[in-house]
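Given below, in the form of structure tokens, are the structures.
The following pair of complexes shares a single chain, chain A, combined with chain B in the former and chain C in the latter.
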Partner chain A sequence: MSFALPGLLWQLLFFVFPMMFLIALSFWLVKNYRMVPGFESVNWVKMYTRGYFWDAYFYTLMLAAISTVVTSILAFPCAYALAFKASPTVRRWAMFLLIIPFFTSYLVRAYSWQIFLGNEGIFNGLFSVFGFGPYKMLHTMFGTMVGYLTLCLPLVVVLQLLSLANVDKNLVEAAWNLGCGRVRTIFQVIVPLAKVGLVVAATFCFILSFGDFVSPYYLGGSKPPTLSILIIDTTKSGQQWPRAAVVAITMIVTLMIVAFSAVTYAYARRTRQ
Partner chain B sequence: MNAPVLVEFKDVEKRFGDTVAVEAMDLQIRKGEFLAIMGSSGCGKTTTLRMLAGLEQPSAGQILLDGKRVDTLRPEERDTPLVWQSLALFPFLSVVENVEFGLKMRGVDKVARRERAMDWLGRLDIAEFASRSVDQLSGGQRQRVALARALVTTPEILLLDEPLSALDANLVVRMQGVLSKLQKDLGITFVYVTHSQSEAFAMADRIVVMSNGRVEQIGTPEEIYREPATRFVAEFIGTNNIVSGSVTSVDDRHTTIQGDGVTLTATNGSTALRVGASATAVVSADSVRLNAAPSDAVNQANQIVGTLVSEAFVGSVVTLLLETPAGEFRVQTRQRDLAQINLEHGAKIALSFTPEDVFLLPDTREGG
Partner chain C sequence: MSDRSRASDSAISTWFLRLYVLVVFAFVFAPIIASFVFSFNSDRFPTIPLGSFTTKWYETIFADTDVWDAFARSLTVAAITAVISTTIGFCTAYTDFRYRFRGKGFYLGLALLPPTVPLVIMGLAMLALLSRINMSGQVYSIVISHVVLCSPFAMAICRLRLSQMDPSLEAAAWNLGASQWQAMKTVIIPFCKPAIIAALCLTAAVSFDEFAVAWFVSGLNKTIPVMILEILQGNVDPQINAIGSFVFAISISLVVVAQILVMTRDDKGRKS
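Up next, the complex of A and B:
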């Protein structure tokens, strides 16, 4: 019990207490740009009856879902090749290179995409040489997705690689031996064996994309707004911290449900047929 | 038996970088035979099996299955199911789904494959565990699942890579019985890789002994035991006594060699030896007789006196280890035949054997 005490204390201090404060904040009022403690449901009612809140909510859910699917699909061939085809030396170097992006702030990396994606940017400059374009990439959903990939792809490759590298090669050979072709073996044997790692990687991608504001702001042009941008707008216009708290709590609850369902699914034992 | 040839290795070689795993492999496996490939670890026996299954590509040579070249085919294009040492059962599938796997890959429809899988589980007495997950089974039960999974597609040949090495001793004997019976009932070819003599001798029709990537001998268990082709094979059979010496006389019936402190006379075999040639004499431990009181006539051929070092009882069979002038001697005998023998350590015991029990092989200075 005494060993668990510091952990418990930290949990209280840095998680439970701020959460309680956030929840309490969502019931406060703002009068003359000042917050007044209270217990009013007005913030919840105002936010939950606004169409723009739900538009932002479902748009954010959709963006995060697309990001998760696209990132997982793009990452898989890379992780697969590193786990099954690459020599140990190549794998070690690749792992090192995959960590390097995290040296630089994500904000800087996302921001620098503007130089590539803009109407006068490097990509459109290249396209114009061949007589194409300009294509609008910056301040579109495509731009947001490029940012999400920048944020998530290296991490997802690393997490997928770690789980694929643990797949028992005997089981892969056993599948071939029983007449299962190369590609079919990936879906029939390798993916089920690496399921926990693949699901956890996808969950991280969803969580990072769902809460991110850098990509939708700098590369997506804030239109339409995501929940994170809604929080910024709400606090900027009229010091509405309590309403921003409503958005934040909604996001946290959503992520809790997603993370819990994902982990439950990852560890679910297959039921009898 | 002269059944038609099912598998043929033609001058097959396998290198991993600079290491030669298998070389100059010429091997014919007949339809319906139980062939064991035996050798210590790293001798190339598993590589041979994996080449047959397509999990390794030969560096040179050809492998034919039913007269057709298969060494260029991918593993999934061959019908050579393997039972892994680790069993390699799919942990995310139930027992019956594991067994169905091969049928599913062949496009057998759901109802038919479930029926065939259940039929096999029944034959191997594990039908009651069909819907269990694999990790809820005992070692022996998992073994049967692996067998059912490999046999469900009714292949012509089954490959087994040390499948019993993880089981405890009494279960091994039981599974040997199951495997032998299965092979006889199905009439298909079994290729069984093992490092264990007792498994090979108990089940195989023919045994291939390998060492350092080469085939040392191919023969029936009887031939491997009584007439080892090389010194390596003689030594690999742990119950052989081996004496090196040089040939002193040859007549039309017997050959005599002189070793350290012992003269051995052997009935002439197929290989003729010249006087003066060096040779190795092999006397299997179960053909040595014990004589209680050392006689003075120990200088006669095929007699030697040893000092008892240790003894081991396995059931009714006793193995005695004796120190003799010609090196260590092992004697295997039944416990009840030991009644008149003084079994104190350090006791002198006279050993003798008949010329028929001495097998001579020329020293080629190779392999062993």
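Up next, the complex of A and C:
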């Protein structure tokens, strides 16, 4: 059992303990730019009575929700094609290629979109050839979404693909043979069978988008700021770490509720067979 | 619907799907390719048509000692993080493979959850705690945090490999008189070797690319991604594309090696 210890100790000491400390910190005070241990609710009251906090909260929630829907929808045809139309070799290569960007400097990848999205960037250059534009894409919500897609799309396609690949092909063929159209087969046979995997993919997309600060900051222009940007601003410019802790805990609780609801929904028994 | 129109219908949808898959892959790889192309572009601001070919951005970063320092620091952090988190990940994976015990679900949750916590929150929590005990702003502060983030990936890779092993192999070694350590050394570790090397590569890649937690805890000891992050907050600077291309080259190589090792089949000792 000694093999259990290294992981247990490290994660308790440097993962659980810092997270617990964050909760304690949210009740501390800041006096003369120094943090003083205490048990005061002042940080919670200050943050929760500020309009800008709730603006940021609902804006972040909305961005993450849109990102989840858009990414899931855009990923699905790709995952579907790879799962049902591609040969095993092509499928393996596709997985191989999609896993690479997930582990490859997201910061630089997101930033590179500036080359495409800028007012004189590649896209507007192309549009002007056809007599359109220029369109403002950088520092808009569109820019933020391109960034979120950069972050989430490869992962969501991979997760959807894994769940679609496990769908029993016999059931799909049975549906076709019984005269069920292609589109109807997708929505009434394939999607329900792959539901758990699809929901898990969407949940990861929500978690990643909700916590990300690179896309809303560098591609979305940070107007208004998201919760992650709020944490950075509060920590880096002011010495208000306790208030940043309030934002962080609120985010964690929100993510836990979302993840729990998603899992409950994913495993819920279908009412109609 | 007649058979013929149904067939042409499906041919159209197949072509549409193929095209769609290509568009998705183009979207995924466009930023990496653009960064590489524009790192050789002479214009300060990225516009189309391209300016002339230049290596001046590479010359600038090669001449910059700050970049070299950050680069060396990033490599050091990545190497140490890879070794520690792979050791931890392997031990955790073996625990899951070999033992049943109460609280295992909690144990595995603890081992796998860290990557789902937003990096900014992880950064804040690490900074708050480490600065309280005077351990922030050091190179080892980055290593400590990166091991938390990376060991779950190492655990997943090693666990996958162990699940392909015939569990009776280890039992056979025990029956033949091997101690647990001997069985570990002569049976388990050799079987897991590709996974261990893959985990080393992948955790090194994750650490080498990580910018958010490192930004919070590194203080003045900037790594390459933290340096990129701080340059980005200033003006447009084409050096980013040059540094970025380097970062891409390194992390893509590491991830490719890791994937090849995970995917390569060798049937010695496999479950039948």
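Brief remarks on what is shown
Everything that follows uses one rule, which is that the second predicted complex is superposed on the first by the 255 of 273 C-alpha atoms of A that agree within 3 Å, B and C clash if a C-alpha of one lies under 4 Å from a C-alpha of the other, contacts with A are read in each partner's own complex, and residues count from 1 in each chain.
The rule is simple: a residue touches a chain if its C-beta (ideal position, glycine included) is under 8 Å from a C-beta of that chain, and two chains touch if they have at least 3 such contacts.
None of these values were measured; they are calculated from a predicted model.
In the superposition on chain A, contact of A:Phe76 is made with neither chain B nor chain C.
Look at A:Pro18: by the touch rule set out above, it reaches chain C but stays clear of chain B.
Of the two partner chains placed around the shared chain by superposition, chain C is the only one that A:Ile231 touches, whereas chain B remains out of contact.
In the superposition on chain A, A:Phe206 contacts neither chain B nor chain C. Of the two partner chains, chain B is the only one touched by A:Arg184; chain C is not.
Contact with neither chain B nor chain C is seen for A:Phe53 once the two complexes are overlaid on the shared chain.
In the overlay built on the shared chain, the residue A:Glu173 is in contact with chain B alone; chain C does not reach it. Annotation for chain A, partner touching more residues between chain B and chain C: C.
Residues 182 of chain A touch chain B in one complex and chain C in the other.
On chain B, the positions that touch chain A within their shared complex are 53-55, 74-76, 79-82, 84, 86, 88, 90-94, 97, 101-102, 105-106, 131, 133, 149-150, 153.
Listed in rising order, the residues of chain A touching chain B in the complex are 168, 170-171, 173-182, 184, 189, 192-193, 195, 269-270, 272-273.
Those residues of chain A that touch chain C in the shared complex are 1, 3-8, 10-12, 14-19, 21-22, 25, 74-75, 77-78, 80-82, 85-86, 92, 94, 96-101, 103-116, 118, 120-122, 125-126, 149-150, 153-154, 157, 182, 204, 207, 210-213, 218, 228, 231-232, 235, 241, 244-245, 248, 251-252, 255, 259. Taken together, the chain C residues at the contact with chain A in this complex read 10, 13-14, 17-18, 20-21, 24-25, 27-32, 34-35, 38, 45-49, 87-89, 91-92, 94-95, 98-99, 101, 107, 110-111, 113-114, 116-122, 124-129, 132, 144-145, 147-148, 151, 155, 202, 205-206, 209, 211-212, 216, 225, 228-229, 232, 236, 240-241, 243-244, 247-248, 251-252, 254-256, 259, 263.
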